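Two complexes come next, and they have one chain in common, chain A, joined by chain B in the first and chain C in the second.
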Partner chain A sequence: METSKKAAVTRRTLLAASSLLAMPSIVRAQSADTIKIGFPVPLTGPYGTEAKDQVACAQIAIAEFNEAGGLNGRKAELLVRDDKLDPGEAATRTIELIEKDGANFICGSLSAAVQLAVNNVAKQRGVIYNSISQSDQIAALPDWSKTTFHEGMTPHLTAGAVGRYAFSKYGKKVVFLQADYAYGHEMVAGFKAVGEKMGIEVLADLRHPLGATDFSTLLPRIQSLKPDILVLVNFGRDQQISLKQATDFGLKKTTKIVAPVLLYTARQAAGEKAFEGVVGGTSYYWGIESTVPTAKAFNDRYRKANEGRVPSDYGALGYAGVRALLEGARRAGGTDTAKVIAALEGLKYDFYKGAQEIRACDHQAVQPVFIIESKAAGANPNDVFNVISTDAANADNLVSCKDEGHV
Partner chain B sequence: MDGITPDLLALQLFTGLALGAIYVLLALGMSLLFGMLTVVNFAHGAFYMLGAYAGILLLGFGVNFWFCLLFAPLLIGGIGMLSERFLIRHLYGRGIDYPLLLTFGLSYIMVETVRIFFGTQGLPFDTPDALQGASDIMIGYFPTYRLFVIGVAILVIAALWLFLERTPYGLIIRAGARDPQIVRILGIDVARVWLVVFGIGTGLAALAGLLAAPLQGASPEMGASILAESFVVTVVGGMGSLVGAVVAGLLVGVVVAMTSLFAPEMAQVAIFALMAIVLLIRPQGFFGRAGLMS
Partner chain C sequence: MLNPDFVARCKQHRVILAVAFLLIFPLLMPFKAIAVNILIYGLYALGFNMLFGTLGLLSFGHAALFGGGAYACGLAMIRLGLPWWMGIVCAVVIGMALAAIIGAFAIRTRGIYFAMVTMALAQCVYFISDQWVSLTGGENGLRDVTLTKIDLGITTLNFVDPLTRYYVVAFFVAIALFVLSRILASPFGAAMEAVRENEARARACGYDVRATRYLAFILSGGFCGLAGALQALHLSIVPLETLAIANSGLVVMMSLLGGMGTFFGPFVGAGVFLLLENLVSLWTVHWQIFVGAAFVACVLFFPRGIWGTILLGRGR
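Here is the complex of A and B:
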C-alpha cells in the first residue's frame, strides 16, 4: 500500500510538472516577480572576447538596478545565451528565451545579420528587442517594428562622423579598401555620402573577401595611387591583419589610415605598432572619464568587478542596452510591452557617455560618436587611444526617419 | 585600368612570389606526407597554427626569434611524431580516408586546445627588430621581412633537396616510399623512417606558421583558410611531388597577386579556377604520377 501511494504522488507531481512545461505562459505568470532580459551574444567564435565583455557590462546594469531596490522589489535577471555568431542559432535561442524562459525583453547580438534575425523573432512575438550592434537596416522599414530599439550606432552615423573629421583634416584623395559584405558596403556608403558634400576624389574602391589573411597583393597598387587617406573598412581580425601589413609596406609614411571603427579589443590583440597613428570612430572609450562623470562612475564600477580592467566599446553597449530597458520598465511601472515602449520613446538619458536620446520615430539611440587616434605604447596598457574629437548627439547625423520609410 | 606601370607590375610579381613562399613551405610538407606515407594530412593547417603559437611561447620564455625558427619546428615536429606514433601509424594500409578523417579530428582538438590556453582573440606577433621596415629592391620598396621569408623558403627547399637526394637517410626514405617491403627485407626499420618523415612534414608546417605570424599575427583559426589554399597548391603541383609543390606554390602566389591588381574581388576565386583548369587538362597535376590516388 505504502509504495503504491508514493508512486501515485510521484505521478501526480510529474503530471503537474509536465503540464507546466507544456504551458510556458503559466511559467511566465508564476515567475513574474523577476524581470528577465534575454541576452543572446556570440560567446564562441571570432568575437568571443567582445561578447564576454558585453555580458560583464550588462551584469553591471542588472546589479545596479537590483541594488537600487529593483522595480518595487521586482529584481532583474540576465539570461545569457550563446548565439555563435549565427543568425539561425540566434533565432532559435531567442525563441527559447521568449517561449520557454519567459524573457520580458531581449537585448544583445554583435553582427548585422544576427541582430536582424533576432529582431525578426522578437517582432513576431511582440517582445521588445534592444539591439547593441551596428546596423542601418534595423532602424529602417521593413525590418523595423514598434518593438525594435537600437542602442548601437549606425554605419551612417559612424562613417559620417569619421569622414567629416578625416576629409577636412587629412586630404581629399581617398582609397577605400572594404571587406566585401554588408558591414563594408554600409560603411563605405556612409563615407561616400559625407565625402560627396566635401568634394573628395575616390581614387579606387577595392574589396577583399571576409576573413582574408593576406593583403600584400593589394598594397603596392594602393601605394602607387598615392592617396591622402586610405579608408580601411573591415572588422576584427581582417582589420588587425590589414593594418599590420599596411604598416609593414610603409604605407603610413605617405598616407593617413582611417577606419570607421577602432575596437579596443582589436587594438589590444594586434599590439601598438600596427594601430599607431590610425584614426577611427568609436561608441565608447574609457578615457572620456576625465570629462564625462557618468563614464567615470561606470568605469569605476567595472574596474571593481573585473580586477582593474576597463570596459570595451562593444561591452559598454551591453550596459547601455540593458540599462535602457530597465529604465523603461521602471518608468512604465512594469513590463507591459506597450507601456515600456511609450516610456522609452523620446527618453533622454546619460548612462555612461554623455547625453543621449531615443528618437521617437525609429527608436534609434541618438548618441555621441568619439573620434580616436591610436597611440604608441605607453606605461598604462589600457591607455591606447587619444580622443581627438567628439561629435555630440545630433539627430541630423542619422538617416532621417522619412528616408528610413517611417511616416 | 590606368596607372599600371612596369615597376608596379614587377613589384606585384614580387609580392606574389613572397606570398607563394609560404604556400611552398606548407605544400612541401603536405606533399612529403602524401608522397611518402599516402597520408592526406588535414591537420596540416593546425600544425601551421601550432608553429605560430610555439613561437609565441618560446619568445615568452626569452628565446630570441632566430632560435625560435629552429626550436618551434622541432617542438611541433615532435608533437607530429607523437601523433604519428600513437594514432596515425595504426591506420597505414587501410585506405586513404582513414588517416584523412583522423587528422581532421586531430585538427579540431589542436585548435580547441590552443583556444583554451591562449584565448580565442588571437595574439600579436611583432616583426623581429632586425627585419622591420621596407627595403629598396630597385623597382620600389618592399617589406624586409617578406624578403627574409623568400630567403628562408629557398634555404629550406635546398636543404630538403640535399637531404633527400644526397644523404643515405634520404635514400632510405625514397626507397621506403617506393617499396616498403623490400626496404624492410633489407633490414631497415621502415616504421622509424615514416616517423621521421612525419616529423619533417609537420615541422615544415610549423616553420611556415611561425614565418607567417609576423605577417598576420597568430590566431587559433589561422590554419583553416590556408589549409584549403595549400591543398590547391599540392593538387596543382601533383600530389606527392616536391618539385610540383615549389612550382605550384609560386604560381598560385603570382596568380593571386596579378588578379588582385586587375580584379581584387576575383583573387580568391582565381586560385580555384586555376585548380579546375589544371585538373581538366592534367588530372594528376604538373608533376604528379597518374593513379596515385587510386
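Here is the complex of A and C:
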C-alpha cells in the first residue's frame, strides 16, 4: 500500500512537471503584424553555396521592403530553414513554418523533387508558394494549384533558349551526354524539341550515371563521331569533372561544348581552364548591369552588404521570389491569400534583370534568358562570363498553358 | 532510487503508460509536426528493433520496408482510388510481403552477410522505384497523397489540423504498440530471445530457428510498412529518399541511441535524434557535428543507449 501511494505521487508530480514544461510553447504568442516568409533552402549538402547566396539575396528584398516603410508599417521577416536537399525534410520544415511560425508565404528550394514536395504541403494548406528552382512539372497539372507560383526557369525554357542559339550558330551535328536522372532527361527533351524544328542530326545520345568520375571511355567515342556540338547535360561536380576531362582530351578544338545551365558558383569553384569557351544559359549574370539599370541597383546593394562580391544566378532568384511575394502583398493591401493571388496574376515587373511577367494561367514567370560564354582569366575575378545573347521574356518560349493541362 | 515494485508494475503496463505519454506528448514538443515525425520514426525503429534488439539480426535494408509501405499507401490512394484506411492496410500487407521476399533470401545468412543481403535487396527496391517513373513519379517522388477529412460517421475530423493529425497517427501507433507488446510477451517472443542468446541451444530445445527468424522479419515488415503509410499521409508526399540507404542507416542509429532490445528505447532514440537535428539546425548549419558528437558520446558512455541506461539505473 505504502509503495503504491508513493508511486502515484511520483507519477502525478511527473505529469505536473511535464505540463509546466509545455507552458512556454502555449504562451508564446505570435506577433500578428509582421509579414512572414518561410524560406526552406538546402544550406547543408552539395548546393550549400548556392543556398547561402539565395538567403543573402532574399534578405536584400526584405530589407528594401522594410526600409520603404513596409506595408503601412507592417514589416517583413524571412524565416530561413535548412531543408537538407531532402523532400521529406523540406515537407516537415514547411509544415512547421506554416503551423508553428505562422508563415504567410513560402518561397525557396533548390531541387525539382524538393520544390514539388514543398508545393504539395503548401497547396494542401492553402498557402502561397513561390518556387525558385528549375522544374517543368510545377507549373503543370496535377502538381500546380492556385497557390503555386514559379519564379524559377523551366528546363523547357532554358534548353530551348540555349538550343536555338547554339544550333543556329555552331552546327547541326549534335551529341548529347547526359547525367542519367530527371534533370538530364528533362533538359535533353527540351533540346530535342527545339532541335527538331531546326533540323538537327543527333549522332548519339549517351548517358552516364550520376556522380561519375571517369569519362575517358565516352570521350574518344564522341571525338570519333566528329560532332559540331557536344551538349553536356549534367550538374555540379559531374559537370566540372566531365568538362575538365573533355578539355584535356582536346575535344574543344573540334567541337563546341554547350551546357543548358552554367552556374556562376560552379565556374568560380572549378576555375577558368575547364570552362573556357563553354556556352550555356543562365537566369542571371551580374554583368548585365551595363545595360539593365535594375541589375545595377541590385548588384550595388548586394556588393554593399557582402564585401564587394556579386550575386549569383540562383541567389538572385531568391531576391526575385521574395520580392514578388512582397510586391503582391503591397498591391493587395494585406496578406489575404486570394487577394495576393489576384494581385500577382498578370503582374508586370522589372526587379533585377529586365521586364518580366507572371503568366496568369499557370503563375509561371515569363522572363529573359541569357546565353553566356565562359571567358579566359581576366583582371577581375568576378568577371567570368560574356553575355553573348539575350532571349527577352516571351511566353511563346514556355510550354503553353493548354499543354500543361490548364483550361 | 525507485522502488523495484513500481518498476515491475510499469513494465507490466508498458502499453498503458506509453499511450498515456502519447496523449500529452505533443504539448511537450516545439511543434506538432515533429511530434508526428517522432511517432512515425519511433514506430519504424520499433519495428526494426524487433529484429535487431530482440532477435539480434542487424538489417541494413529496412528502408525498403518503410518506403515500400509509404509507396503502397500512396499508390493505393492515388492510382487505385482507395480510401485512406485501405491505403494503410495495403501498406502493412506490402511491408510484410516485401519482408517475406527479402527475408527469404536474407535469413539464410547471418552477421555481416545478413546486413549486406538486406542492403542489396533494398537498393533493388530503390532503383525499381527510381526507374518506374510512370508508376512512382521516379526521382520527383509520389505527390498528392491527399487526406484532408476523415469521415467517422458521427463526426468529421480535419486531418490538416496539427493536433488532430497527431492523434490520428498516435491512434495507429498505440495499436501497433499493443500488438508488439503482445508479440514480445508471447511464447514466440521468448523464442526470439532464445535464438538471440544462444542459437545452438535454442535449436537443441526444439525451436525452428529459421522459421522464427523468417516470421520475425515478416512481422517487422508489417510495423515498418505501417510507419511508412503514416508518413505518406502526414507529409502528403512519398519522397524517393524514403527508400534510400540513408534511411536504413538512420533507423540503426536511432535504435542504438535509444537502446536496442528495450521496448521504448527506439522511440527515445528517434525522439532525441529528430529533436537534436531540428533544434540545432535552427541556429547553425553545422548541426551534423552536434548530432554526430551526441551519437559518439552515447556509444562511448552509454553502450546500452539512453533508455537502456535509464532502465539499468532504475532496476538496480
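Here, the second predicted complex is superposed on the first by the 377 of 407 C-alpha atoms of A that agree within 3 Å, B and C clash if a C-alpha of one lies under 4 Å from a C-alpha of the other, contacts with A are read in each partner's own complex, and residues count from 1 in each chain.
Definition applied: a residue touches a chain if its C-beta (ideal position, glycine included) is under 8 Å from a C-beta of that chain, and two chains touch if they have at least 3 such contacts.
Just so it is clear, the model here is predicted, and its values are computed rather than measured.
Looking at the shared chain after the overlay, A:214 reaches chain B, while chain C stays out of its contact range. In the superposed model, A:73 makes contact with neither chain B nor chain C. In the superposed model, A:308 lies in contact with neither chain B nor chain C.
Contact with chain C, but none with chain B, is seen for A:113 once the two complexes are overlaid on the shared chain.
When the two structures are aligned on the shared chain, A:44 is found in touch with chain B and with chain C. Of the two partner chains placed around the shared chain by superposition, chain B is the only one that A:244 touches, whereas chain C remains out of contact. In the superposition on chain A, contact is made by A:137 with chain C only, not with chain B.
By the touch criterion defined above, A:199 lies against neither chain B nor chain C after alignment on the C-alpha atoms of chain A.
Contacts of A:82 after superposition on the shared chain: chain C is touched, whereas chain B is not. Common to the chain B and chain C interfaces on chain A are residues 44, 48. By the touch criterion stated above, chain A contacts chain C in their complex at residues 3, 6-7, 10, 15, 18-19, 21-22, 25-26, 43-44, 48, 81-82, 84, 86-88, 91-92, 95-96, 99-100, 112-113, 116-117, 120-121, 124-125, 137, 142-143, 181-182.
Within the complex formed with chain A, the residues of chain C that make contact are 2-3, 5-6, 9, 24, 27-34, 37, 138-141, 143-144, 146, 148, 160, 162, 231, 235-237, 239-242, 281-282, 285, 287-288. For chain A in complex with chain B, the touching residues are 44-46, 48-49, 180, 206-209, 211-214, 216-221, 223-225, 237, 240-241, 244-245, 248-250, 265, 268-271, 273-274.
Within the complex formed with chain A, the chain B residues making contact are 3, 5, 8, 11-12, 15-16, 18-19, 119-124, 126-127, 132-134, 140-143, 145-146, 212, 215-217, 219, 221-222, 225-226, 256-257, 260-261, 264-265, 267-268.
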